[in-house]
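Take this structure, written in structure tokens, and hold onto it; I'll ask about it next.
Going by the order they are written in, the chains are A, B and C; count residues from 1 in each one.
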Amino acid sequence: MKRGISYTAAFMTLLQRDLRIAVRHRGDIFNPLLFFILVVTLFPLGIGPEPQVLTRVAPGIIWVAALLASMLSLERLFKADYNDGTLEQMLLSPQPLSLLVLAKVLAHWILTGVPLILVAPLLAVLLHLDGNSYGALMATLALGTPILSLLGAIGVALTVGLRKGGVLLSLLILPLYIPVLIFATSAIDAAGLNLAYDGQLAILAAMLVGSLILAPFAIGASLRVSTN
Amino acid sequence: MWKWLHSYADPERAYKLSGTLLPWFSVLAILLVGTGSIWGLLFAPTDYQQGDSYRIIFIHVPAASMSMAAYMGMATASFIGLVWQIKSADWAAAAIAPIGAVITFIALLTGAAWGKPMWGTWWVWDARLTSELVLLFLYLGVISLYASFEDKVLAARAAGILAIVGVINIPIIKYSVDWWSSLHQPSTIKITEKSTMSTDMLYPLLINIVGFGVMIGAITLVRYRTEILARNGMRPWVRELATAEEAK
Amino acid sequence: MTISNQSRVLLSANELTCIREERILFDGLSFNINAGDIVQIEGPNGAGKTSLLRIIAGLSRPYAGEVEYLGEDITRCRDEFNHDLLYLGHLAGVKSELTAEENLNFNLRISGYDDFDTTELLAKVNLAGFEEALAGHLSAGQHRRTALARLQHSNCKIWILDEPFTAIDKKGVEELEQLFIQHAESGGCVILTTHQDMSIISDDILRKITLDYRFV
């Protein structure tokens, strides 16, 4: 009996498993996306259809909707594994826990973050986003949504064992999302004014690297508490 | 140093030590906060620009500076509790959290009250006020997470992880909010230049800052003692204590 | 069982205390588990059997005390310990969205194995022909067997099994008992809880650790 599976192989095994389950359970992919689209369409109805107003608030609306959609979809990140005991098996696996956690977060981001990035330009059209801002919108979403998944996963890991985690989860993670929101929207604003926005992107990239390194440990430690 | 810490990790000793410290902290807190507040509110000179309304800084500034210090204290206690598995430290973190939240709330409230005469409105999205608001959310997150777990040993570990994640994020949040506010308000109002403050204003302020710190310490000790008793209800020494109290 | 195997201490529990919701389940519990042992944790419902198993497996942290694996605290040598541990809890660790084969494949790979034949292993637990069936469509017993198939391909010394016989028929229980004896004889140990009587593992090879229900 050989026990020499590589880190990459372990990572891919978990990633593939999560993607396969999601394909068999398509609702989990489409519901957060639908929520994202719905929230964005509500705003013109709430604040009026004037294109100038919408252009001004579009970055903020898209990003706030993205924060909420990401949080909503994260809630189920560890729940199923917790309920059927696979989470325990992951914690007891000889593979490093942060590696497995990272695979789960990546799978989640592919399933919910990427569709959100793809649909965002369409919503930007609905909100009359400034023509110059599309590049910045895509870039900030590409850098920002993985940060949301990583930070959010800490909150989810802390509340997975609780019966009513939903509202609590928003209290735990939304404050942590603030910097992403600020730098992302300001990059889009700057692009709309034809100003340079690579500074904001650099900060977002730094936050992504930082959370890639630190968040898996926090998520792992939180899961050990939740399964205690 | 860790040997010393471990000897106080024993709940009974921690309870007795905090009992011995409590009167000292209480007396000192009353003296300092009393002196600072009376001096500041009644005797310090009137500000030539802001009139008497500036006097709220004798409450606002100490509360604001201690709100952050209390968070650091809580996170440090959580860190010790998590890494060295010292439960007394966990209980200390649980004891500080609500006090920190109240102090943060006081800082927000006095800040808003100061805003009314200064800016003519109760709320301005000023960088400091906004950061303080986010800090309040972080406190409330830790408190409700702690409250959500039935098992308080687990609750302390979960809340501790969140507090530490918060500490790493506080500088980033603070930086981003400062940056955001300078972006949206090119002419941020400079409220007080501390360096140009007259000493008659500075001394009562400093006394109150220290006083608030000691006061938080004193209230923490009270809550800490309660927390120790609540978590050790099944221990013989707590029962003996309870019977002794009843006999009195 | 050979004598030389018996003398080797695999796991030792030192002064374990477990407190759940302010109730002391056990206090100052110490024992050794040697290579070749089959140990049953017994006691009434609520006495802390599952809690004890989870503490030994390193899933739960005891309120006080520690568990040592080959003389080292398991929280300090988690990788080595996990490498030598197979734990099956109340929850089987089987996903209903995946087929029996996919489940077994995932569970073995995540434990580090990559040289196995799932069809053969599933046949050993009487699941031949069910490889492609979604675990959610299997019966409770077949669901459990999907999880237990891992025991057929394991070189972990320590097996910790919480109620392994749940929903398993009489013949299946006997086969499992054979497997446990075989595992113990080859130098491993089995720690389990069960409310069922075992027919092959007799009381003279079975060690028991009894937990009492406490009202305090």
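The rule is simple: a residue touches a chain if its C-beta (ideal position, glycine included) is under 8 Å from a C-beta of that chain, and two chains touch if they have at least 3 such contacts.
Which protein is which chain? UniProt says A = Heme exporter protein B; B = Heme exporter protein C; C = Cytochrome c biogenesis ATP-binding export protein CcmA.
The structure displayed is predicted, hence computed values, not measured ones.
Note on connectivity: the fewest steps through touching chains from chain A to chain C is 1.
Overall, the chain located most centrally, as judged by its C-alpha mean against the mean of all protein C-alpha atoms, is A.
Of all chains, the one whose mean C-alpha position sits at the greatest distance from that of chain B is C. When every pair of chains is scored by its C-beta contact pairs, the maximum goes to A-C. Chain A and chain C have Cα centroids separated by 37 Å.
Per-chain Cα centroids separate chain B from chain C by 47 Å.
A straight line joining the Cα centres of chain A and chain B is 32 Å long. Chain contacts: chain A has residues 228 touching two or more partner chains. The set of chain C residues touching two or more other chains comprises 61. Multi-chain contact residues of chain B, defined as those touching 2 or more other chains: 151. Against chain B, in their complex, chain C makes its touches with residues 19-24, 61, 63, 216.
Those residues of chain B that touch chain C in the shared complex are 85, 150-153, 231, 233-234. Residue ranges of chain A in contact with chain C, taken from their complex: 1-5, 9-10, 13-14, 17, 20-21, 24-25, 80, 83-86, 88-96, 100, 227-228. Residues 82, 134, 137-138, 140-141, 144-145, 148-149, 151, 154, 157-158, 161-162, 164-166, 168-169, 172-173, 175-177, 179-180, 183 of chain B are the ones that touch chain A when the two sit in their complex. Residues 54, 57-61, 79, 82-83, 85, 87, 89-98, 102, 106-107, 109-116, 153-155 of chain C are the ones that touch chain A when the two sit in their complex.
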